[in-house]
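Note that the chains take the letters A, B, C and D in the order they are written out, and that residue 1 is the start of every chain.
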Amino acid sequence: MSHFALEVDDISKRFGGLAATRNVTLRVKPGERRLLIGPNGAGKTTLFNQIAGDFLPDSGAIRLFGQEMTRLPTKKRVRMGLSRTYQILTLFPNDTLRHNVALALLGTEGGGWSCWSSLAAKRDMMARADDALAAVGLGDAAGREVAQTSYGERRRLELAMALAQKPKVLLLDEPLAGLSADERETVRALLEHIPRDVTIVMIEHDMDVALAFADQITLLNFGQVVLEGTRAEVIADPRTREVYLGH
Amino acid sequence: MQFWIIQTLNSLAMGGLLFLLSAGFSLIFGLMRIPNLAHGGLFMLGAYVGAMCMQWGVPFWLAAIAAGLAVGALGTVLEGGLLRRMAGNEQGQVLITLGISFIIADLCLLTWGGDPVPLDAPRMLRPPVFLAGFAFPGYRLAVLAFALIVALGLWLLLERTRLGAMIRAGVDDRLMARSVGIRVSRLFSAVFFLGAFLAGLGGVIGGPILSAYPGLDTDMLPLALVVVILGGVGSLPGALVGSFLVGIIYNFGTALFPDFAYVILFLPMVVMLVVKPSGLFGRVTR
Amino acid sequence: MFTLSRRDVFKTGIGVSALALTGRAVRADEPLRIGFLTVKTGPLAAGGIQMEQGMLTWLKLNNNKIGGRTVELMVADTNGVPATTRTKTAELVERQKAHLLIGPLAAFEALAVADYTESHHMPTMGLAAFDEGTQKGAQKYFARPTASAGQASHAMAAYCYSELKMRRMAVIADDFAYGHQQTSAFLRVFEDMGGKIVQKILPPLNAPDYGTYISQIKTDLDGIFMGFAGSNGFRFTKAFFEYGLGGKIPLTGGLTAMDEAILQQTGEDAVGIMTANYYSAAYDNAANKAFVAQMNKDYKADPGYYASGPAICGAVLDAAITKLGGKVDDPDLLINTIRSNVVENTIRGPVKFDAYGQAIGNIYIRKVERKAGHNVNTVIKTYENVSQFWTYDPVEFMKNPTYSRDWPVAKNLEN
Amino acid sequence: MTLRGSRFWALMSLFLIALPFALPSDYYLGIATHALVLAILALSLDILIGQGGMTSLGHAVYLGLPAYAAAWTMQNANWPPELAIPFAIAMGTAVSALFAVLSLRARGLGFLMITLALGQVMWGAAYRWVGLTGGDNGIRIPVRPPVLGIDISSVRSFYVVVALALMVALVCIWHLERSPFGACLRGTKDQPKRMNMLGHDVWSIRFLAFVFAGFWGSIAGVLYVFDYLYVSPSSLSLPQSAEALLMVVLGGAGTLTGPVVGAIIITVIKTVVSSYVDRWYSLLGLTFIIVVSVMPRGLVPGLKAWFAPKEGGAR
């Protein structure tokens, strides 16, 4: 069918008089690492929100592996293989890390309607939650409450939750935001190790890590795609300087 | 024809009364997100204090101001002493304001007894006004006029003063208000005072129509809720339009569909909440 | 705390064993324990407080004795909530071992405890005016020395038709059972005599304002009958005058439309309003004069509907228990004596009971007069020996539905 | 954790078994019964508040409506209680499903207002629809009928029924709390958007929680009418809803014992303390203010924190 893992086809979105997204087209191949860059307010997160289904575009289409999902509710998109992390941490602070990952697993695997059996007694699910945590180096912390972990650990928990869902396409919204140099290196290594059957679209401001990671880069400004290309192409293009530095 | 004219006048007069009741409620609700369930109690307390002042010989309008100030002061104390610590704790606020309303109701009963206490309108406003062959109470027209004056005053306060600008900023976005250096706690005290003042004032102005009696608080609070839900939380035009809307629904509704009198106000409230939870003029969505 | 619970255990033990032996045998010098159900908190407290004042005043005037026995009055506050009334009744009966009950205030409260008091064989002096209590729902251990909801309305209707020569009238009442029963009773007698009720308006009990209803009142009426409770009669009358209708259409009313409790507040607007009641603070007999004087002295208020009821209960009980020589341990004997007695000198005049436990007595038509800046309900006509069934045959009467919103059907409404 | 769990159940069972022996008379046992019926109502409301973060001010609907349904079918249609009870519970639950659809349009204070408005509509209907409900006079049941041939007319036997019902409710709600569904429900309370992004159907989770609350509320409603043998509009009024809310918040939302403790305290103030303190109404108000000021999360979590500081997160 389609050769693209994620296909954003000419979508636009207006809020009142303000155009948040203007005719954005994005075609991401399976296994690709795509980086979205652009100054604050360029519409990167707004674009993510539309891909995730938080709100619907006014026009255009969004497809996942050729399957139409423009108007599907978020939960269906997740079941189709889309996962996402947030720039601002949204975790369940009074629960354990294991519990957090279990909620992610319940989201894709179902089983969340069971009202009688104990969640803690779902050994299989708990084991997989622990595996997911171990994969991001949090194996020892599985039983701790989120409130008792460091910021860097929470960033990794975000990643563990998304990866536990075995996504086909993963949207990462600034996974390095607010991390120290050491932590950044840890997360970078984790990202490197994500297998290539997961397609990744990432928003990131840390150019050192991000540029090295990305296959293709898309530059957004004022809700529009300014240019798209490989690392070298985008760095070389004068429009990049223009967008970031303003003339 | 006469039916329509006189019920329209009734609706407007009641709308005016409801505006005096709910403007303060809306203000507090909108800015501080506090569902002040003691608002009915403050309104009733205003009516009793006004009646007491008038028994001491204080003229009506002065009594209204005095009751407003007294209730406003009480509101400020309650806000600073109890509610401020509950910021963000919705259930806590509900519980505390309910507790306050219990105490106000009980102490009013203890102080003024159970019998209704009448409040007399100023003498010159008492006789009915004759309009095209039928009589309409002069005082109710005065209440309408007074409500419009209060609305205008509040509008000027909100739109033309620095305090008003801060309040509006706070209603729209509290974080932003804080970040531009508004001292939110003092602003909250001021708004709570204003809201409670309006409740106390409204109690006295409404007194000649409603009088002061035990249960006035629980009769009035749901009306304030309906007004605010219909008009939209934290919006002055919303409170005004909501008040007149409730006046119209109540007067025409009970006249045309008397069988629905007990639910006439809550059905529109349900419909509004289901269709447009933010109300007609609501800026606050959740 | 500990001692309290131990004493309770002890008491319970005595109570249980005593009950097992002799029913309710207790020492003779023991006080007469009266459970008094009233409302002292919440929106219905106005009437409840007056009830208590009336009871205390009567006891004070009678040296705190009924039938020669010292009274231990156990006052319970029901908050006007049926569930609480039920609990409080259980407290009075089971924990405090009341010999008899007086109250409660509201009809729905009385209905909530009716089955309980009956099954516990607890003699109860009812005060709430609801027709069921002494008609189809009549109970063995129940006696009401005041009036059913419709009892006074019947007389008012007769007075309006015969004496005031009214033919076209409107009725307005609170939209709840007590209001319905008052207006339906009025409607029945008035229309049976030949009059017409052309308009029936039922504002909700918690109506914030009567303006909208007053605007609907027809202008070509001979009179209006009001079936209001609490402070609503006062609020309606004030609004009636505000809308310029005062003096244009005569106002009449039932038991509580222009009660003494709201009479002063209504001021000059009240003058001329005629209401029917089993009592008036202006009724002229020695018992009432003393009662009113004491009420004035202690509470600076004229007794009305709520305060008078317990005082009448006091007199009725006094006569019955005196006759029994102070013995109140047999509930059947007590209630039968109460119901078979004729008491001449209560503050409402003579009282006797019908076969259903409802008092037969005078119904007064009272007209508000202003004397030295003070409103009084002057008695202008006395209907003697009025039964709750008026002049109808009780059996025939009770074949019909109980007075309600829908019965009797108002056939002459104009719209 | 399991140890603590089993200790809780042992204490709770002991408490319920000991109560009839500890209380000096049937009168007090009757009050205990009233309190436990309301405890079930408070527990049901706590599914919404404590687990789901949805503050309802109209929960008395699920007390009053099934009470009316049971009373009406038994008194006016002569249904046996074996039929009337399931019917009443089904009806309360069905209405909760309908009201959930309407209420879940809004969140936070909007939700509170809409539940309040729906409650007022039901109250108005009960008050005004005299032909069906008897209006303010309500519906009486002369004697408590036997159910399944078991005589429950005495105070003691009915206490056993209520205590058993409370235990069943506690066990079910305890299971609910620990279950995957409970975890999801609490997730929607803290982070609804994230739950959505994790693939959960947030609306349906809330809907189901609302229906659960309606179901357990309806059980309380049926017990209520069997307890008082009377139902009137006051049992689905705003004060009754507010009282249920107060019980939950006073005792501590999101805990199993909190709503039970709240129900007991408020019932005791209303029925026992009010016999000794004239101004008990003020005292009730003062209690709310003090408890909320000193222990914003309620008595049970507050006391736990008091006695075991720095344990955190205990439920």
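The working rule: a contact is a pair of C-beta atoms (placed from the backbone, for glycine too) under 8 Å apart; a residue touches a chain by one contact, two chains touch by 3 or more.
The model shown is predicted, which means the values in this text are computed figures rather than measured ones.
Taking the mean Cα position of each chain as its centre, C sits at the greatest distance from subunit A. Separating the centre of subunit B from that of subunit C, both taken as means of CA atoms, is a distance of 36 Å. Note on chain placement: the centre of subunit B and the centre of subunit D lie 32 Å apart, centres being C-alpha means.
For this pair, subunit A with subunit C, the centres built from the Cα atoms lie 74 Å apart.
The distance from the centre of subunit A to the centre of subunit B, with each centre set as the mean of the Cα atoms, comes to 48 Å.
Residues of subunit D in contact with two or more other chains: 127-128, 239, 281. Counting partners per residue, subunit C has 41-42, 175 as the residues that reach two or more other chains. Under the contact rule defined at the top, the touching pairs of chains are A-D, B-C, B-D, C-D. Considering their complex, residues 3, 6-7, 10, 13-14, 17, 105-106, 109, 113-118, 126, 128, 130, 135-137, 139-140, 209-211, 213-215, 218-220, 223, 250-251, 254-255, 258, 261-262 of subunit B touch subunit C. Of all residues in subunit B, only 29, 33, 35, 82, 85-86, 89-92, 94-96, 98-103, 105-107, 110, 218, 222, 225-226, 229, 233, 259, 261-263, 266-267, 269-270, 273-274, 277-278, 286 touch subunit D in the complex they form.
Residues of subunit D that touch subunit C in their complex: 24-28, 30-31, 34, 127-128, 130-131, 135-138, 140-143, 228-230, 232, 234-235, 239, 270-271, 274-275, 278, 280-281.
Residues 41-50, 175, 201-204, 206-209, 211-213, 215-216, 230-231, 234-235, 238-239, 242-245, 261-262, 265-267, 301 of subunit C are the ones that touch subunit B when the two sit in their complex.
Residues 49, 55, 57, 102, 105-110, 112-114, 116-118, 120-121, 123-125, 127-128, 238-239, 242, 245-246, 249-250, 253, 279, 281-282, 284-289, 291-293, 296 of subunit D touch subunit B in their complex.
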